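What follows is chain A paired twice: with chain B in the first complex and chain C in the second.
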Partner chain A sequence: MGATLNTLWRYTPLLICLAIWEILATAGPVSNQLLPDVASVGKALWSLILDGELLRQAGHSLYRAATGFLLAVVIGTTAGLLMATFRGVRLVVNPIVQMFYPMPKSALIPVMMIWFGLGDMSKIVLIFIGCLLPVVISAYNGARGVNPFLIWSARSLGASRTSTLVQVTLPAAMPEILNGIRTALAFAFILMVSSEFVIAKDGFGYLISQLGDGGAYEAMFAVILVVAAAGFTADRLYGAFVRHQLRWREP
Partner chain B sequence: MNAARPQPARTDTAPGDVGIEIRDVSHQYGGRGGQGGVTALDHITLHIRANEFHALLGPSGCGKSTLLYLIGGFVPVQSGVIETRRGVVTGPSPDRGIVFQNFALFPWKTVLQNVLYGLEKLGLPKKDREDRARHFIDLVHLSGFENAYPSQLSGGMQQRAAIARTLAVDPEILLMDEPFGALDAQTRRVMQEELRAIFERTRKTVVFVTHDVQEAVFLADRISIMSARPGRIQHILDVDMDRSRGDEITKRPEFVDLGEHIWGLVRDQAIAATRGAH
Partner chain C sequence: MTRPASPAFTPARARGRAAPGPQAPSMLGAVWRRLTSDTVIQLAVIAVLLIAWETVTRLGLVHPFLLPRLSAVLERIYNNALNGKVFMDLGLTLYRAAAGFFIGVAVAIPLGVMMARNAGVRWFFDPLVSIGFPMPKISFLPIFILWFGIFDTSKIVMIAFSCFFPVVSATYAGTLGVDKWVIWSARSFGARESQVLREVVLPMALPQILTGIQIAVPVGLITTVVTEMLMGGPGIGGSMMAAGRFADSVGVFAGIVEIAVLGAIVVKGVERMRAYLLRWHAEARH
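After this line comes the complex of A and B, so read on.
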């Protein structure tokens, strides 16, 4: 009971935003064309759900985001650990990482289109590249910061270098890696939608731009809200996953 | 009974088996090719007997921990040789277990999982592993805390778990790097008594690094006193005391005298260390 009340409290600011939106749209100076009222957006959302359009586009988008994101998590973590462990890897990879990190990955969208066409691959590669660097950097920093006594302990208990890397360095770096992955998760959503604006025949981004071009603003707003909700849900689920993974930190 | 028999360093001839033989070991930090670095250890030669409790006593920064890490194989030997009964030390090995000052338990593993880690590496059957882990957890009086994470335990309990983890793989040599340095005075005292009792039962070769004179006298059979940087072995003392009555010995005059005597030897080095700390 108290928990429910607490949750309600936490989302009060969102409810206030919704109220302000409704006031602006119905009574305010903003025309209903530019900002449809809450009820008509809700109606548009319902019909998008009913005809299955939303679910189909969501499937395309989430498949791309998930594939690029998961590839980035696996490869990025491995690369970061190897960079921290082997000087040679670090010398080769570090300059590349530093050069690419500040670059806006959406600048690569046209290149992806030329290389990989309009299908899933161009989006998956873009999302992969965008998600990769935050994971690499967090895994690298996490692994470099591991208490050397933990590694020495493992070695003196009979662990080989390889198993020490997997069984000690990786879990010890996990708090930082999980932070980096959270950043990557946000990037995945951003790049998913922005790439679909430019190069796609389906997906959330495509749907938003199609509806906008066609003047169906109610439906467009509905899809934007759905994307926001999906990102929010993914982040909450991820947060719960992290808390479970790091339960050993809580006293 | 004469409690202290100071012997000149380097000419020490060890009766009985040699547990660890350190021959002419020097070590430098920083610098390249032996030039321009800080000399941490300067031509150390020391014979640690098999099955003795040997304390390395010296002021902070004297290189005693470095010497321990060299014996452990964690830091490569730059010059000289360190040899055990298993041969020349070239890297870490489960026959040389270590306990660190800050416990170094795997924080994402429970007490039981920490102790099991080394047993898995030994390749014991699953059933035996569990039994053995529980036996050593019981030995350090942590029964009931098998499923606790290190963050849920006090410092003393964490160190008990770390000792159990190290003892469980049954190393021939036990290296201890100021293991009780981070504990409060009362806990430290209890842990010292228990460690000595465990030693009496298991009789491993123990190398125990400390800067605490009382601790060294209470625990060790022999004490090597190291000088401030660059670290050298200055004196080696035997501690001949009847330990059958446990902590009673700290009240005996010969215990007090030996402590005073060692403090006299260490004092100048401690002062030198505080003045030449950089």
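After this line comes the complex of A and C, so read on.
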């Protein structure tokens, strides 16, 4: 009971914001076109859920984001660990990483359109590239920061290079890798929505622009809030996963 | 950059004596070491990639629409530089990015400090910031277009909104983490609250604030390019979309190279700024 009250107290500011929104929209000087009131946004959301449109577009979007993101996590972690272990890999991969790292990834959207067309592939590759670099860099830094005594002990106890990499370096670098993956998760959502805005064919971004162009602003606000909530939920779930993964660490 | 085997374990005199050995092999060795040093190899990798790009496209292995020749792209950039298009595009993009970034930071840093120091402010803004931080802010762009039109205002508001959250949460966490003993000793030496804030709290929170800024800068650039792509007009994003619409892939790739250079300059500039601002800090000493 006390915990519930605490949560309620913690999120009261959110309710205050909703109340201000409602007052501005219904009584304020702002026209209803610019700011639809809370109830009508809720109604629009409900009807989008009922006719299945929201779920269908969400499926498209989340499929792309998840595919690009997961590929980036697997390949990025491997590349980062190999870079930290083998000088040859580092010398070949590092200049490429350094070259692409500061580039705003959204600039690649037109090229992805030229190379992969308007379908899923262009967005998956864009999300993959955008998520890859934070993961590579964090895995590389994490693996480089591993206490060399751990690696030397494993080696002197007869572990092969591969098993040292998998059983010592990877777990020791895990906190930093998981941090980089969190950045990548945020980028996955940003690039998902951006690419769907620009290459509008389906997905959340398409639905938002289509509703906006059609003047259905209540529904547009509703979908935007759904996307925001999806990004927030993904981050929270990931945070819980990280805490579970790192429970072996001393607090 | 030659790398002696282990400088830490070699006495200084021994290092000095090692140099005048047999002349020819050591010189060859020095040349070999220089050629295989990390920097040279990494530059060589980039050169090989660029040569491969030019060769593959010259041999016609890739359709020029998919990958135009490197020389054609560079020529386009050169022409754009001569007629000033590069500077107009990049200047406008930089102006929007910088305006949005500075507005976002100017709101975020004071708010973050106040959140750490005032329970009421913290109570109100903590849930809002912790919900806003992981949201994909770019999805709010249509709302800002609806409110502020399709010109610079909506772009700048969107960029400020994106840059705000990383900086406010970093400032809040950094200010909250400042050691209480340092603040207490400054107070007991008679420092006023404003002095404590300026001379103790802000410098000690600065590393974390700068980390937040280093997240906000790339996010701001990504956002700038997307807003320009969606609303068109001058600016690097708009130019790239226009080139894409006319199937002018040379123009698209020229835009990518231009924005990559701008991004590299900005990101490296922020790294330099961090090194300069934190030259007193322990992290500058390695």
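Everything that follows uses one rule, which is that the second predicted complex is superposed on the first by the 243 of 251 C-alpha atoms of A that agree within 3 Å, B and C clash if a C-alpha of one lies under 4 Å from a C-alpha of the other, contacts with A are read in each partner's own complex, and residues count from 1 in each chain.
In this section, contacts are C-beta pairs under 8 Å (C-beta built on N, C-alpha and C of every residue); 3 or more make two chains touch, one makes a residue touch a chain.
Treat the numbers as computed from the prediction; the structure is a model and nothing was measured.
Participant: Between chain B (first) and chain C (second), which, if any, makes contact with A:Q210: first, second, both or neither?
Facilitator: In the superposition, A:Q210 contacts neither chain B nor chain C.
Participant: For A:V168, decide between first (touching chain B), second (touching chain C), both and neither.
Facilitator: first
Participant: Is chain A touched at more residues by chain B or by chain C?
Facilitator: Chain A has more residues touched by C than by the other partner.
Participant: Pick one for A:V92: touches chain B only (first), chain C only (second), both, or neither.
Facilitator: After superposition on chain A, A:V92 lies in contact with chain C alone.
Participant: Of the two partner chains, chain B (first) and chain C (second), which one does A:R249 touch, if any: first, second, both, or neither?
Facilitator: first
Participant: On the A-aligned overlay, A:N179 touches which partner chain: chain B = first, chain C = second, or both, or neither?
Facilitator: Neither chain B nor chain C is touched by A:N179.
Participant: Pick one for A:P104: touches chain B only (first), chain C only (second), both, or neither.
Facilitator: After superposing on A, A:P104 lies in contact with chain C but is clear of chain B.
Participant: Does chain B (first) or chain C (second) touch A:N141, or do both, or does neither?
Facilitator: neither
Participant: For a test of understanding, state which residues of chain A touch chain B in their complex under the given definition.
Facilitator: On the chain A side, the touching residues are 147, 149-150, 152-159, 163, 167-168, 171-172, 174, 247-251.
Participant: Under the stated contact criterion, what part of chain B meets chain A in this complex?
Facilitator: Residue list for chain B touching chain A: 69, 72-74, 91-94, 96-98, 100, 102, 104, 106-109, 117-118, 121-122, 149-152, 162, 165-166, 169, 171.
Participant: Touching residues of chain A toward chain C in the complex: what are they?
Facilitator: Those residues of chain A that touch chain C are 10-11, 13-14, 16-17, 34, 91-92, 94-96, 98-111, 113-115, 183, 186, 189-194, 197-198, 204-205, 208-209, 212, 217, 220-221, 224, 227-229, 231-232, 234-236.
Participant: Please name which positions on chain C make contact with chain A in the complex.
Facilitator: Checking each residue of chain C against chain A gives 38, 41-43, 45-46, 49, 65-66, 123-128, 131, 133-143, 145-147, 215, 218-219, 221-226, 229-230, 236-237, 240-241, 243-244, 249, 252-253, 255-256, 259-260, 263-264, 266-268.
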